[in-house]
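The structures considered in this document are given below.
Presented sequentially are two complexes of subunit A, the first with subunit B as partner and the second with subunit C.
Coming up: the complex of A and B.
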């Protein structure tokens, strides 16, 4: 491979590699099982909004809560698991024990959430906006408590997982400033190279660590209030904390996945993707934008200081610069006249970058305060984040899974993208388009049904778009289940191949 | 025609144009990636040259965009004194609206979910909530979202708006506030 970054880590022996691989396969299978189920919940919501089925409102919102928490949690967990494997088998040793600790914590947390929502009826939405979890009236207290505890477990194991990877990297490459690539900022070329994934991991996981600490704080406050109902917290402060938590979680999921794209793409183009002064500056800036971009969730809280509103739009706008000028142009420089073969692996990574860019522009438009005043809490919001989750992160994940299980293919690009892949992509964009059209037409988000709005045109448009979306979601499911089965078979094959032979190319 | 363009349409147009260029670029790149006539340094050199232009272009666009759009903030729409003040209290699951400012606690405030207001008058809605977060949103009868602000317990958000046309303006809640969230509606008659 043309990757000329220094070969730092003593390669794993066959036994260690097998253990890491089994852990990775465990994550893969978990994803393949849970992801279609969570899409199924999404389908139910669209069916209800399209008036093709009729759910009780609280059932709708319990499903919505589980879908949101489940998706955000699952994709982040998988991104973390992917980093744990990729970093651990190539760059810096990670512990399989810690990996399983995170995995088991995630499973316990997910079970807790399923019970709290589907059995308990907890339905405060994925963002648990204070004080709604305590004043929902349609779900019992124990289901709120169970949700907080489950999320606390998730937060704690994610925290451990993040700290573990950052620590492993820093043992290998030096402290925080080393990992942030500051050695590239001088005039001389650094003597030892830093692999991009190390920098990107730190840029995403350190804000993650801060976010999970913040998450733990508000969940503990929630638990206090559950036991002492007379307590009252400041709702504006709580909203700031929990959007810092939620926004950061979703945001860094993408960046973690971008980390493996930087690492794996060069294997298909035959061109090194190395850090330079420009990339380092860009990712250092991204670090700040990750921390401050969440302000754009509070534009419609006029009580928030105006300077913070300005800062929110500034940080959101600026985050487009490093993301496109460095990462997107990095992809272009990788590809242009590279004689690549468009197998499913580079194709997934490439289309993932395209989806990320499309979701990004929709996000920048909505992060404009003057626009947000008419798009806030319309379907435009799920439109943009579903774009970079479904057509960004999920494509990166598919590429990653194909890569792991087709390691011999190297420059060939892995298997060809078949009809299932294209069905998935087509279905996804169709489904997303209905969200965008909804947003454009002022259809509110989080409306179980549109018939109660009292505006007949909105009712008709909202329900029609939902019905059309149902069709596309079925395509998505068809594509993802078909691909899922074939990836599952590949995973089962991969996990028993001779470890030493796979190791060199994996 | 132009006058009838809503902010939503502008936002969608900008998005469509940019997405169009992203797709054009993506298709061009997918084809350009399948050939390999140049050595990789020459190829990279070309890309980086384009990136230089892109970088400065983007900086200009974003700066102009910032200055342009920050002129249309919803926080203080008009400088003059409001012609009318309306108190709005959100509760699970209804709106209480009444003319004038008030000192009574949100819980004790009595108001109706319908109100009549004058056309072409700067109006300040003083919005709060007595229980959970809500969002006071003004639609027109064609279903276009015109203005909104959060209704947060313990805080008062002042939303300023001027109705340009007579007619009925539906009020919706745009912050999920519990199972009956979608029935939390009201109406403003503008005469």
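Coming up: the complex of A and C.
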């Protein structure tokens, strides 16, 4: 039986498309402003670790907190916004109003976090590891409260955004079980095709919904303790809830962005990227195991039952390996003899997939119990998550933003990747290499000053690598700011053209 | 039809006059029984107070709203504001100090009863016709709050409300954990089931 393509959703009228795009441009501009600032915070951290500047420890940790929370939040918010746009303009009807509701909620949450960390000095790290926000703090209570409330606001609007996209897709494609692609698992080919982005959205966003609800539980408990300081919770339980929230958030950020790649990359290779039985099985495995993969964050917690530790290792492998493998294989199949023109858009998507794979492998290595005994809480950890975020998600985002500014380019691949792009990529890998080398040399993470370790060799190596990293971070900033300005000008050009055409049509 | 404010429409005469009277009479009787006649019994232990009397009052408000089948808050802004108010009310009546006062002082307890009835009523009128997104966000946050309170009461071994005992406090915690967990499972299940049901999807 031959596949028949489902009747596509009714095309958006020009006005509706314009509204969706304007919302996406708003997200784009926000990202272009905030992202370099957050990199700047990271630069300060490496400058301090390299002993090139001296920050008070409290300031360092407040910066580290904002850098972590800001990056995780910003990248997920943008990934969700991108999914909202792509789904809404091609596959199912999404509401611009809901999109702005999410955007405004995110802005309010981010402002709260900025005030809490930079003014209030909240410095418990992005994951607020219990009982850190309450014991021996150097910051006022209000900044803790503001952080918890800001995160709650972010959680609520992300929840709304996730539910909205899943709901929109389900209305178009016939419910949850259809969206999971189970009809591909039989021997017959399915009568109606499901776009990969629909499957990946559900695989990402439904666990996300559960994670945000879990996040709300621990944040409300934090608020209780803030109001009633004599309260005390089980730290192991809190850590489990917290990492279920945090780990899932970071994971689904990548998957949302991968969903874009499945949709947009084929436009440059000229080949359809369809779901197959293997792809569906792989992503369904991710759906199931992503919920338990966070156990690998608790390997050092001796009170956690050993069976759960083993389950954590298996879940980590099962959630990451199948989806990454089928995607990388898919990218290779897309490229093979495709005569693609390597503009900045397909290049960003391709290198993003490469970065995701490299960072993913480094993460899976670290999720192996025998290896984690050595690498736990060394710089290997920031190495791998910076790899798949910076050289994975951020490259996907850059490709997406360039695509947004040049939608007609199609197979042309958008503008050529100039020196700014390569400066960014080179700087990023150099910066990441310093983290990996640090991890291999057992340099601990989250140390404001390596001199306080009391081990002179580690101190020297750590500080040297940090100094070298500074150079590469400057390259990253140079590249991203230059590209950011170029994208910003293109976006503004579109806004002006859009406004003119709206006026003339009126 | 009586219109309260620009967005709140409440038909008092959605059924026969007798039907309405029976509904209101039944409501008043139940309210009287729970709030006056049996108040001492409900205030005797924490599980009775927090997991029976409080939800009964909320349920009375919900039932009342179902009686007024067309009472609806229409605009999304007012729906959100109302749900935030309801959430705030629920939080307030879970604070140890509020619970203590309510257990010691019958009049203060009655304020709780009234606000819970109002909250239950407003909750239904705000959620009526609301989008799946809003329902999920609100009910999800309520479930999260119940779980958080449940964990707190269950694990904390210092008496929070001097009107009750630690074992009662922990029993209440367990009950809230079960209620919150059940609500969480229910809303996720209903959400997944609702994905197959076609409905307009045009905002909050």
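One rule holds in what follows: the second predicted complex is superposed on the first by the 482 of 506 C-alpha atoms of A that agree within 3 Å, B and C clash if a C-alpha of one lies under 4 Å from a C-alpha of the other, contacts with A are read in each partner's own complex, and residues count from 1 in each chain.
The criterion applied here is as follows: a contact is a pair of C-beta atoms (placed from the backbone, for glycine too) under 8 Å apart; a residue touches a chain by one contact, two chains touch by 3 or more.
Bear in mind the structure is a predicted one, so any value in this text is a computation, not a measurement.
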Legend entry - Partners on subunit A (subunit B, subunit C) - clash or fit: fit
Legend entry - Touching partner for A:190 - first (subunit B), second (subunit C), both, neither: neither
Inset, instruction - Once the two structures are overlaid on A, work out the angle subunit B-subunit A-subunit C from the Cα centres, in steps of 10 degrees. - result: 100
Legend entry - First (subunit B), second (subunit C), both or neither touched by A:234: both
Legend entry - Touched subunit A residues, subunit B compared with subunit C: B
Inset, instruction - Figure out whether A:446 sits in contact with subunit B (first) or subunit C (second), or with both, or with neither. - result: first
Inset, instruction - Mind working out whether A:171 is in touch with subunit B, subunit C, both or neither, as first, second, both or neither? - result: second
Inset, instruction - Once the structures are superposed on A, label A:415 by its partner contacts, choosing first (subunit B), second (subunit C), both or neither. - result: neither
Inset, instruction - For A:216, select first, second, both or neither according to whether it touches subunit B, subunit C, the two together, or no partner. - result: second
Inset, instruction - Give one of first, second, both or neither to describe whether A:224 is in contact with subunit B, with subunit C, with both, or with none. - result: second
Inset, instruction - Please indicate which partner A:430 is in contact with in the superposed arrangement: first for subunit B, second for subunit C, both, or neither. - result: neither
Inset, instruction - Once the structures are superposed on A, label A:36 by its partner contacts, choosing first (subunit B), second (subunit C), both or neither. - result: neither
Inset, instruction - Enter the shortest inter-chain Cα distance between subunit B and subunit C once the structures share a common frame, rounded to whole Å. - result: 12
Inset, instruction - Once the two structures are superposed, pull the subunit A residues common to the subunit B and subunit C interfaces. - result: 234
Inset, instruction - Show which residues of subunit A lie in contact with subunit B when the two form their complex. - result: 56-58, 61, 123, 125, 129-132, 135-138, 234-236, 239, 269-271, 300-303, 306, 309-310, 313-314, 317-318, 320-321, 324-325, 329, 332-333, 335-342, 350, 354, 357-358, 361-362, 365-366, 368-371, 373-378, 380, 436, 439-442, 444-450, 452-455, 457-458, 461
Legend entry - Touch list for subunit C against partner subunit A, complex: 76, 95-96, 132-134, 136-137, 140-141, 143-145, 147-149, 151-152, 155-156, 158, 160, 184, 188, 191-196, 198-199, 201-204
Legend entry - Residues of subunit A defined as touching subunit C within the complex: 93-95, 97-98, 101, 156, 159-160, 163-164, 166-168, 170-171, 174-177, 179, 206, 209-210, 212-214, 216-218, 220-221, 224, 227-228, 230-234, 237
Inset, instruction - Enumerate the contact residues on subunit B facing subunit A in the complex. - result: 6-12, 14-15, 18-19, 22-23, 26, 29-30, 32-38, 40, 43-44, 46-48, 50-51, 54-55, 58-59, 62, 65-66, 69-75, 92, 131-133, 135, 137, 139, 141-150, 152-159, 170, 172, 174-183, 185, 187
